[in-house]
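Here chain A shows up in two complexes: once beside chain B, once beside chain C.
Showing the complex of A and B:
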């Protein structure tokens, strides 16, 4: 038995990696090859798909748009959640527990529910097809998540730290930014990661609230057919590139995430 | 310079955390707040520091009413039971922070931090982060931060409770020396009577949000005003029994043990408090009296032996020097030093201390 203990994890990883491999595989093939032949690796290796994405603005602007609203959203979410989470973790007020739970319930409604009101509202205030519109709409589910995660990290810091700082002469603001925020840096890192991730993968609201100027990459990608017919190789290349930002972010916060799991709030 | 609490009361919702309390702490004194957990020690300290406002009453410092004054404006420092340091700062920056925040010049900061660090044996660790230090060193850092500025009031909230035994002993000896030539009022909260005796100064015994007695530590220990104060200031717990006195003869109500007492008190029934170390397996003092006991538990700590025993309805603890091996269930003879008995009247007031 011992001899085969590598077997299960290996199979597991193979199954996990298979679709990703297939995506990357396709991205280096021509569309003709994808449609006409079955091959485990590219017969005629080509980087043409990637070149097209990086040179055609309808493609690469998709990435820029997506990254723009995702970064906006991450900053807004964390900035709004920091004081909120601090209040939840340090103060008692009427209905604090209910409010805290209610925040989480915001995540339970499917975004589709909000698509119509958001579309109508942002159109009427002239924010339709802007990055900020998408960033704000994603706050709907990212701020509650950020508050929830940050509150866990803040509550793990003893309130005696706050008191010691006040006794030492720190004002609240100075304490908060010079001591408290660095203390929970790991938590902020994880929160940013999750906000980034959820905003990056969200398609429905991003697609509904944009037309051309802020069109996300996922919307560009789901346009399966163009004037020249199906471009499967191109779509595969676009898909591969969409995975990369997430992979980079995960690489940077992987230690923090382990810490966050250990603290039981992720 | 003195810190005075005038009828300070703290209520949270319908719970009273601190009953109306008046205390006057003088300059250059160490004051111990002695009481079990939830006795209100921390609340009282937070009120003194200005971290918490009293529901009613006033706090006067140096002849000025400082009741509503912000904690940042008061010149005090605080050390907690948990080792509280700023985790993102090095030990040096930690100690320097109270000075840096008030705009002291860099040269002076360097010199003062160096001095305090040396005093607390932290010189070799100034460039480390707190989480790289041992518990004892972390607490030393916190102490150094409290000592580096010339605070008028230094509050120590069970600073040794989270340290292991050896470090606690070591730091406990050093502590009183650290405050010797400082112009400040030190308040030290602890649950352990032995801490209070070791530190000396003044002691206030607390129970359930009430200050029971305040005075010189030894006086509070030797002459507790009442039974509650005596109980708070006794570890292991004080042995209590009812007695009757006729002339010179005293006798336990529950059994036939009797002794002669020179106490100048009227005949009648009293309560008696005996500290565990006044009941021993050997004779001590000139007026010791024998008592039979059935051993319940016997704990040996090497230099001392704690024997829990019963006699009729009494369930008592004795503390003897040395290793006194007793078997559970064994009938044994113990000796009480009657000179050290504390006599309380029916209202629990001390009437005679041996």
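Showing the complex of A and C:
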């Protein structure tokens, strides 16, 4: 039985790769070929779908918009969560447990509940259709997550580290940035990975809060699909390209993923 | 860790508190506001009391979508949790296989949700998709755009494809934290494979598994984009889960009052389940 153990993960990976392969396969076909023939690989190999995306600004601006607000969100979430997570991991204070649970409830709030009020709220403060509006709205679920993960990592660092540093004459600020942050660097990396991931894949809020100037690539895809009929080849190429940023991020954090999951709470 | 009591720690929490309150409290109050009023457009509102809540709680449409939602969440948990554990148990523990498995298995998690929906749509189309074409050519009468059973099958398969990896990664991390001494002890005692799993691995994974169930419950309960792109809630309303139904009501028909009342009931259900889980988790942590 032990001999065939590798079969389970292998079959699972094949199952995972099949739809992705199918998408890539479609992206190298012309739309006429997709609709008229069924084939396991492109009969008339074409890159025109990709050429269109890289030359048409409504398409490539979508990618730039998505990456912009995702990066904004990651930076804001981690920067705000660092001191908060430190406070939760080191101190007891009035209402700490309630505050922690309240933060978590926001991770649980269905975005569909918030879509309409968000639209009205961000319109009323003149932030509608800006990158920062999307970045701020994604804080709703990313900050609680960031605090949660970072708190796990920080709690794993013994308190003696803080105390020794103070005895050695470090001020709080110097201790925090020179000693503490480097110690939990892996945790910060994992946190950034998750913030990036959840902001990158979210569509409902991003779509509700943007019109043209900050429109995410995912929204460009759905709108194209509905306006110009089904240009399947183009859609497949755009979809394939959305996988790439994620794949790059995974490659960089691959060594941290499993460890990070174990150390932090997520 | 023994924590010091320090009320000044609140200063550290302020940025997070402000950002989240700004995002959560204000919109939530808007929803609460709508849920008790009737709107006539142009910002004219009339007090309605609890009428919308009664209407939603008694409406068959809400019962139906809530029922579909619970069925969906229950089924995907039933598949994803055991499958995730099984894959984590059989994954390589060292060597080149580890990064390969981790990278490939994380892929579905990082694909935008509407792309997941679109990808599965073209993958499952009966005439040009690999899944649909294969199923039809081996004799199944498969068409997810017309047959409710097939639509459910496809939605569940898509969710298993999309999220099982999260359970795998969490379980794998839990398994990795077990020291080899435990396994050696089990071997000396002549423990069977099942006993090793039941008495060593499962207890060690309890914490991450609770977390996996919690995350999967929350996220599957809010699922919107993937089924919306895949089936649009159809055929008919057979795959219209809570979020899809809610967005239809709020943004499609602009029934703000009932939609707001439904939002609050919806949020309350999620909160209740999560509160139970959170307390379970905290209890576990206090024990260990």
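Keep this in mind: the second predicted complex is superposed on the first by the 249 of 266 C-alpha atoms of A that agree within 3 Å, B and C clash if a C-alpha of one lies under 4 Å from a C-alpha of the other, contacts with A are read in each partner's own complex, and residues count from 1 in each chain.
We adopt the following convention: contacts are C-beta pairs under 8 Å (C-beta built on N, C-alpha and C of every residue); 3 or more make two chains touch, one makes a residue touch a chain.
Remember, predicted model here, so these are calculated numbers, not experimental data.
With both complexes superposed, C is the one of chain B and chain C in contact with more chain A residues. In the superposition on chain A, no contact is made by A:252 with either chain B or chain C. Shared-chain residue A:41: touches no atom of chain B or chain C. In the superposition on chain A, contact of A:76 is made with chain C only, not with chain B. When the two structures are aligned on the shared chain, A:177 is found in touch with neither chain B nor chain C.
When the two complexes are superposed on chain A, the residues of chain A that touch both chain B and chain C are 158.
On chain A, the positions that touch chain C within their shared complex are 5-9, 12-13, 15-20, 22-23, 26, 34-35, 38, 40, 76, 79-81, 83-84, 86-94, 96, 99, 101, 103-118, 120-121, 136-137, 139-140, 143-144, 147, 155, 158-159, 197, 200-204, 217-218, 221-222, 225, 232, 235-236, 239, 242-243, 245-247, 249-251, 254-255, 257-262, 265-266. On the side of chain A, the complex with chain B involves touching residues 158, 160-161, 163-171, 174, 179, 182-183, 185.
Every residue of chain B that touches chain A in the complex is listed here, in rising order: 46, 49, 51, 71-72, 76-78, 80, 82, 84, 86-89, 97-98, 101-102, 142, 145, 149, 155. Those residues of chain C that touch chain A in the shared complex are 1-10, 12-13, 15-17, 19-20, 22-24, 26-28, 30-31, 86-87, 90-92, 97-99, 101-115, 118-120, 122-123, 127-131, 133, 161, 164-165, 168-170, 172-174, 176-177, 208, 211, 215, 218, 221-222, 224-225, 229, 242-243, 246-247, 250-251, 256, 259, 263, 266-267, 270-271, 274-275, 278.
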